[in-house]
């Protein structure tokens, strides 16, 4: 298992620390605090919300997301379980049918593979089949850049985006992390909430107040621009912002669209950015082939074809498992330099 | 469970029966016979091949794919198991490491969801991680049009096409079914082999001889054309051929490219068909969103952008579970009429 | 919940005599009626299938009626059940209108799934029914979660589900039962050991001599009962439910029985020795219960015939109505993938 | 397979006296050496982690050395093992060069995974080692498949793997052990009950009083042994392997022990009562074995010191070499997703 909360030599640690606006304000809350606050506020707000997962009570979570929760809410709201991802998701589904709003923690999102059948066949299909809502949220640390190796670096979103009945969100900032988690918990459907563990304590920024949510299904322009668009989410937002900043120095004006919700996609926002810039790089940390970039590129090809001034480019992780050793991981995962150079190609087209 | 081997009121049964060249020759072997022959020949050829699955021995398989096998090969080559998809795939992986070439049958491909973790995390990653080959084939009946409902109609290929280390094939004819299964079994990697149960006994055609294989990774033009291309696979090939025949009567010349292998995609063949026709409809029976169509469309947008005369269109199942009742299933799954009308839109562009 | 047929009195109730195992004569008659209804329903499904009126699979539970009816009848109105494909008797005992049940098999708009799913794959929380999925054992964690909710909310309700000898080999059997056991949930699992899983004999599913031997590994109670004795099943489930309700945690009940037909209608079960079937035929749960009631003078020939008639009438009426029910409109297939209306939720 | 250190004689062999439980004095010394090596290796990993030289997780097995070493030492050269993260002692006993093992933790090109995976996640079939994945219990079906192959080919070889108390709650534990049981495979499963799974105590993983109670549910032998007694573990595994080899099927061996440090280096295990740790410290498997050997005059103080020195030297040399081993080249990360060369396969 990965050493929680560290990962000192990650590919773009040096970039993301100290460059983005957020990380320049060390007194502001971190991304992970956004997650913790959302959970706490929703637990306080709605007695039907409870948390369930491995080592989330006494231990307060492998990444300490639930710090202090067991004391505050007690063992009927913060449930430690055996190591049984499938049963945890199944039990959450049963509880949801009884009117509860369980929030499942996967210790690492990689272990969600053990709950695959319960998610895609049980939870996702119930409302369609017999009309009962299944308001469960499944959250957990995803992503690489921490030398987690092949089993602690997964970005599994594309699999789940192909499952009717699921919603999938992937916040890139503390604000979105908090606001989207609140929306996920209040949503009447199963929502997969992918938090990026590399961002946990590396980025800081303001958080929304207790009554503010970030709506599911709405993308956000994180940086407006006129010359080209990067359509991305999660860790990719930070790579894109860094690349855009570097290119701004050269006089290029790059827009960064943060999808935030991966299912359902905000098609209007995607088409709108293409209409503004005519050139698109789709960027994600998950493997290229079969990744969400294909879906986005296809939507653009279908709905904004006439407006395209260049082929839609994709940049993503290589089609390999995510290797452990630093030089290998750096090779496989996207980095700012590669984003910048892809954007240059696009801008020159 | 679905009534094996029937499905009388399927959406396009009336089309596929009696129209395509194969089904006009009732004396020729069926698609399912192609599967059976491939398995028998490979069992005869290579003592390291064995079959493992539920009800494949005494019962000869839910669809009788292994008819007569237990008698011919005995219980050390044809292994009945408990209902344990995950353990079956795991055991096949262990056997493959010991030099065997197991072929796993999923009774319905839908149950592969229970083996998800063993496939994507264990089998698919072993060669990358520590250099040992895992020559296993996982095969099973996929697809709809048989009133199988939400759990006996799955087309799960897109999920697996996002897994580095796996190969995925999906034959549309008996010839390919036999030739690709032989290649899958001889391949040194885990191969997911998706057979379409609606085609089992509905299409007929010649089969390759014992020494002929159909290579993995090579698409085939099933019908050449100049005006537009349908890029498809599996059941979609038959819809496309029927639509092309209908449009030929109107003077349109539609090419049908059968991908056959879904991972790795035959990018050269995809680009070549776009270069011939300039107009593309990507068609598959799996759900639209997050389906393989996105990947294909993205490849085209990236590598044949200049040659496109129209937006890449996609036609696929609706983004719902596959419902049981006939009018609902018909609504959700693609049919020839919809393919034809999509092609008309494309041809008129 | 008006129509739920599950109100049996506490075990200790002074029953109007004559009674059997704490059950009153009307209750015994109801059990008899429900088993007959279960069989008649299954037989009619089989006929509809042979007539080509059912486009999916058709599953029967001939020989296992005591398992479904006996266990469901032991529950309280607010308990929650998760029936499997061979538990049509559970669904009928919970009081789903027979017409709606036929309609589900027939893919009609009037069924609980509106034609989106078939056979016993139906849920109706007003009757405390959670729908299964095909993937065996997947319902066990879900019903454990139902039980967990009861425990968290301090409700004296029980969650119960069923599993086959074959289904017990799937991972979720273990994960779900284990979760329920370590959390001491008010949960009952009935394992119907009907000797076969499709064509596979029990010996390929489990090397233990009894499935109830698994209970010890979970630190819970395990019992094996005669699954063809409706009173034995009823008693075992009642007892397990009482223990669950009073905080004693889950019970694994193995009901030993026999699948008297093929796996589904397409399967002639040629792999089952005829001698085995003949032997089990003698233990038919319905005949056996009937003989018992008759011998104890708890059922007159007239009452028996009247029940048979009632069942035949009800089945006939329901199937005719269901057959005239409309199919769903194609375009509605695209609705309802996601919950949007708040009626989808609510206390259960 | 030259370097595999697992050739212990059949149990009945007339050992050169003095002997203990059928083990010769050189064998006993080897066990002692291997446990010391196991601990020294783990300690060095821990130090490397604290120095920031290991970028992934660092797992120790302090207090559990008898489980790994005792069981792996009971195997034959051609048996196949599937070690888990806390089984560095298994890997060392199988004879993986220590330098390569360090190199795997350090992400070096010279390691069995070439830096693609870390820690004990390494496979080397020339030593009969199958690599685990992180997902707990996933290796159980795989080693069952190894055992299946031995049975199909009529080879007298055994497959063995390990699982934690926590890992036993995952579905594949059940599916894999059940498959091995119904197929009567030459398979051994050692369940190291070390009281905790990360922060979770055993009571949340299993409500039975002993994990070996699970064996009955699979119709196989289950035994519970003192996991801090290397000879007891060795004997139990030897016995289970012998039975497996002679066609008697799998055994589930519960080795009761204690994880004496945190889950991994980042975890101070504040949730473990210090009294519990103090109590288990008295049962340290290495001290205990040393005392036993000394008291039986099977180990002189000099021999003991020489072994300690040897271990320290070997560890020091190996770690220095591994630290100077090269990192892999970035671009090689893109190779080898698929098997292409035939050397990847072959008899094993």
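The first chain written gets the first letter, and so on, giving A, B, C and D; residue counts start at 1 in each chain.
Just so we're on the same page, a residue touches a chain if its C-beta (ideal position, glycine included) is under 8 Å from a C-beta of that chain, and two chains touch if they have at least 3 such contacts.
Keep in mind the model is a prediction, meaning the values are calculated, not measured.
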item: Interface copy of A-C among B-D, A-D or B-C, judged by whether over half of the contact pairs recur; value: B-D
item: Furthest chain, CA centroid comparison against chain C; value: D
item: Separation of mean Cα positions, chain B and chain A [Å, integer]; value: 32
item: Whole-Å gap separating chain B and chain D, where each centre is the average of the chain's CA atoms; value: 42
item: Between chain A and chain D, centroid-to-centroid distance (C-alpha), Å; value: 37
item: Multi-chain contact sites of chain A, meaning residues that touch two or more partners; value: 81-82, 84, 86, 110, 113-114, 117, 121, 125, 128-129, 150-151, 164-165, 319-321, 323
item: Where chain C touches two or more other chains, by residue; value: 113, 116-117, 121, 133-135, 169-172, 175, 178-179, 182, 204-206, 337
item: Residue ranges of chain D touching chain C (in the complex, touch as defined); value: 169-175, 178-179, 181-182, 184, 203-209, 213-220, 249
item: Residue numbers on chain D that touch chain A, as the complex places them; value: 49, 52, 55-59, 85, 107-108, 113-118, 121, 133-136, 166-167, 169-171, 197-200, 204-206, 263-266, 271, 327-334, 337
item: Contact footprint of chain B on chain D as seen in their complex; value: 80, 112-114, 116-117, 121-125, 130-131, 133-135, 138, 140-150, 152, 159, 171-172, 175-176, 178-179, 182-183, 336-340, 342, 344-348
item: Residues of chain B that touch chain D when the two form their complex; value: 50, 76, 79, 81-82, 84, 86-100, 102, 117-118, 121-122, 125-135, 164-165, 167, 188-189
item: Of all residues in chain A, those that touch chain B in their complex; value: 110, 113-114, 116-117, 120-121, 124-125, 128-129, 150-151, 158-159, 161-165, 263, 265, 282, 286-287, 289-298, 300-303, 305, 308, 310-314, 319-321, 323
